[in-house]
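The data blocks that follow each hold one structure.
The same subunit A turns up in both complexes below, where it pairs with subunit B and then with subunit C.
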Partner chain A sequence: MSRRLFLIAMLGVLFVVFTLSMIELESLYNNYGMRYFLNEGFDDTGSRNLVTAILLDYRLFDSLFEAGILLIAVSGVIWISKHDVEEKNAQFMLDKYKTPDLFVTFSRLVYPLMLAFGFYVIINGHVSPGGGFQGGAIVATAILILYYIDGNKETNIGLIVTIEKIIYLLIILLASLSFFTRGEFFTNFFVPSANPDLKAIYLVLLNVFIGFKVALGLWTIFTAFLKEGR
Partner chain B sequence: MVDYILNLTLIEITAYALQFLLIFIAVAIVVHKNNGTIIILIASFSLVTASLYIINNAPDVAIAEVAIGSAIIPLIYVISISRQREFIVLDKAMDDFIISDNQMTGIGFILLKRFSDFYHLEINITNDPMLGKVESGRDQVLLEETNVDLIVTKDPDHEGGYLLKGKASSLLLNKLETMLDDYDNVRMIKYKDRDIGE
Partner chain C sequence: MINIPILLIFLPVVTSILVYLFKWKHMNIVVLGSQLILTILAAIYFGHFYGQFEHTHLVLGGWDHRIGISLANDELSMSFIFLSIFTWWMVLAYTFKYGKTDHTFLFFLVFLQGVFLGLLQSNDLFNLFVFLELTTIIVTILIAYKKRGESFRAAIYYILLNTSGVLLFLIGIILIYFTFGTINIVYLHETLTPGDDTMVLRLSYILLMAGISVKSALFPVFTWLPKAHGAAQSAISALLSGLVVKGGIYLFFRMNFLYDNVGIHYGDFFYWVGALTAVVGVMFALSQKDIKQILAFHTVSQIGIIMMGLSSSDANTFYGGVLHTFNHAFFKSLLFLGAGVIIQVYRTKKVTEIRGVMRSMPVVSVFMIIGMLSITGAPFFNGFISKSIIKYGIEDSTIRYWILFAVNIGTATSFIKMSQIFFGPRTVSYPIKNMAQNFALFGFALGCITLGNFYIPFTESFFGIAYDQEFIHVGAFIDYAVTLGLGFMLYHFVISKDYKPIQNIRNFKLSFESANYVFIIYIVVMVTYFIWL
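Our next item is the complex of A and B:
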């Protein structure tokens, strides 16, 4: 009991320190960065969504490693759930755990809409909220619904992972193209004086690649989970 | 303080209410015992977080939070929990050891029920005609290649006896073996895992 009381007291102290430091931080706030991005962001990068401008242009180096983290996570999941023996499923199992018909019908209606919304979020990443990562996650959810419609669906994990790796290499190549036009790595490959609408082409391309990469990565992860318990 | 509270806009009040809701949901996730409820709570936690992101003008993060936190993660939890919880028994004996008087009241079933309640497993008894026809020599292959955890057959050497066949790598079966001490006519066979290609 005393140990619990001590823990609660410690949490209280932490809470007080946290709130105090929050007030301290307020004096440090400034909006220089915000004003710079608001004034220059669109002309610099061609992106009306400034989050995408920072992710895919100003701080592309960080984003590349974020995309790499997912690749490493996928490899880890596959390595842990590796099955050398081809496992067969007893057919009768699926009858007891069959998805309800209402859910299947509803999923069939929703599936194309989800897929279309995912692609919309990916392609409009430079105009509206969203982008490659969010859109890829939505596309992956849509694909996951397919497994509820048809439980026997077979997927070739190896092929998906290979495509994902190739797309990751393509992302790095696309990001490095700027070396030949601008003389520096990891930024837009159009020259800085180009029309912002032209620069958006690069953002759309990168968003599409990242979207596909994320969708394939998440697809691999839950395919591994689906196979694991069977 | 009172002035501050009275001058809050509707959106600020909503934001505070949502933050308190987050605390309640977080406590509920820790306190609850039922896995299904916990998954729903985790999904709702993500939804509330996403609406807080929207209130704080971060729609990009909100979309990511909704897609990952309240769609993919709960679905993965649902899949893993439903797969791990069931214990599949293949009934090849086809007599009143498990099913007597068309009900699951045979002595074998009571034994397995006690065993599965001990580990909070969902017991699932099947007499699939395809798998039931497999000759007893191939039971080990059956255990390895399908998702069946235990096979119940008649004992060929012993009149009125029964055999329970399982994999030695399944540690749950050690408990079942100790429970068998009360039953004279039930024996247990545990197959060791073979190497591939053996």
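Our next item is the complex of A and C:
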């Protein structure tokens, strides 16, 4: 009990310090970055969605490694879920007989819509909220629904992982293409003065690649978990 | 020429993905080839920019330097880059046979190199965070690689504790971004003035340091390190103890460089944190019987010694601490790899059960003894030099001097204890068939001896500091003999008896919940020290 009270006291101290700092921050707040992105974002990158502008142009280097985190996580999950122990005959929630028919029917209806929505979010990432990472997650969810429709669906993980790795290499290649056209690494391969519609080609391409990579990566992860569950 | 840092980061990353894609049995030759190109590129880069590292500031995408991500190098980061490349060469050599068949392992190992080189060169706070996160995840997988209960537990413990640290690091970055509108380290270093010394800035400093403390295993939050480094494979333990843990140390001085002009006096605080780390690490190491646990706890104690040096405001002592990170990388990797060979042959990790190493594997024993002489600080070996520099730096304060002396005695004791494995009759046969493993041991041993005798050109070219003191004199030998003598007595009369308190220390385990509890106490202490004192 005294341990708890002591903990609460310490968290209280941290809370007070945080609050005092936040009050102080109001007068210190420097919005240089925000103003820069608001004023220059569209002209620099050709993206109306400033998040995409930052993600795919200003800070593309970070995004490459954010995608790398997913890549590593996927390989790690596959490695760890592979085991030689006898598979247990656990009853899994995806058991065909236990999934309600109503749910399966609706899943069949929702599946194409979700897939289309995912692709829409990926392709329009530079105009409206969304982008490769988010759209990829939606596409992956759509694929997950497939497992509800057909519980015995078999997936070749090895193939998906190979494609995922190749797409990652393509993303790196596409990101560094600007070096050969403009002499700068990790930005749009069209010059900054180019027409925004031209620049959008690059953004859409990159979003599509990232979207596929994320979708395949997440697909692999839950397939690995499914195998674990079965 | 200026774009070489990008190649240094992406060459290992792309190579590792190729390894994963083409599971070809000669893939490890390809990896060595890319490693060779990497070495040449780093050498060319260093030769080109030597003496004018202020021109290495590279903004990716050609944006304004306050907006875009930038990479920058200086002598210090270059020295770390060479150290990493060297360590990876040796670890790749050590795992040469293994890498032929296990491509997943090779994939993670080589990917980690690219990420670590990125961590060293990045000049952007958020980019550092991304690299830190990526390092944490890869290291977790490498720790859990054997897929045993022990390694899973260690990996989960590692990732949870480190993630909580890294998240605090992220909050610190957010505070800096809100206050200055940019996260470019060099730019912040130049624009920060003592007038910026506000509570928000101090809070961001504390949060960054909290994350770094977890990453570099400082006193209250070091508990993940022995678990992780004890449970991983020996090659991985060598890499983690020798190098990856130094990522935290490297960030420690990068961040203090950022806050340089604000005038935060961090020296005393981190001296005492370092001293506690060293003392506690040695205490735990003395009680252990598992050969890898002993080495892992000695990593903790040596990091304490490094912090004792780094917390000094005197340049000589500070670079003594930096030099000790290098020396520790050499001898600790050597000891871990040597222990790996021994464990592989004897199939046990117990110090009390391994006997007759000297007779059955003389070559490995010689390398192990070189490592032990280095870590205990024998003259002519590298540990001696950096420990002497730190010792001279803190000599003015009696208590600080005696703490270092006590830590040295403890180190001597536990390696006297470990040296019992050499004696006794030959029990196993070990034909030298794996030359690559011996080559890796040889490389690190050579590094220990070279840095122990020819450290002056090294420190001059990388740190710009020439240590003109003559460290090797009669006093040094007497000092070492006294340390060994006291160490032997301590071992003979106390440690070898295995009294109840020693057993209690050995069986002491800090649960994850308690570790977080301690972590919060640590942050509150930092808040008290840096904001209210």
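The rule we apply is simple: the second predicted complex is superposed on the first by the 215 of 230 C-alpha atoms of A that agree within 3 Å, B and C clash if a C-alpha of one lies under 4 Å from a C-alpha of the other, contacts with A are read in each partner's own complex, and residues count from 1 in each chain.
In this text, a contact is a pair of C-beta atoms (placed from the backbone, for glycine too) under 8 Å apart; a residue touches a chain by one contact, two chains touch by 3 or more.
Values in this document were obtained by computation on a predicted structure and should not be read as measured data.
In the overlay built on the shared chain, the residue A:I138 is in contact with subunit B alone; subunit C does not reach it.
After overlaying the two complexes on the shared chain, residue contacts for A:D150 are found with neither subunit B nor subunit C. Of the two partner chains placed around the shared chain by superposition, subunit C is the only one that A:K165 touches, whereas subunit B remains out of contact.
When the two complexes are overlaid on their common chain A, residue A:L226 makes contact with subunit B while staying clear of subunit C.
In the superposition on chain A, A:D43 makes contact with neither subunit B nor subunit C.
By the document's definition of touching, of the two partners only subunit C reaches A:T187; subunit B does not. A count of residues in subunit A touched by subunit B and by subunit C gives the higher number to C.
In the superposition on chain A, A:L218 makes contact with subunit B only, not with subunit C. Applying the stated touch rule to the two superposed structures, the subunit B and subunit C interfaces on subunit A have no residue in common. The residues of subunit C lying in touch with subunit A in their complex are 3, 6, 10, 13-14, 17, 20-21, 60-64, 66-69, 104, 107-108, 111, 115, 118, 126-127, 130-131, 133-134, 137-138, 140-141, 144-145, 147, 175, 177-182, 198-200, 203, 517, 520-521, 523-524, 527-528, 531.
By the touch criterion given at the top, residues 49, 51-52, 84-93, 96-97, 121, 129-131, 133-134, 137-138, 140-141, 144, 218, 221-222, 225-226, 228-230 of subunit A touch subunit B in their complex. Put simply, subunit A touches subunit C in their complex at residues 3, 7, 10-11, 13-14, 17-18, 20-21, 24-25, 28-34, 36-37, 44, 57-62, 65-66, 68-69, 71-73, 75-76, 79-80, 83, 162, 165-166, 168-169, 172, 176, 178-179, 182, 184-187.
The touching residues of subunit B, when paired with subunit A in their complex, are 59-60, 62-64, 67-68, 71-72, 75-76, 79-80, 82-84, 88, 124, 126, 128, 130-131, 144-148, 196.
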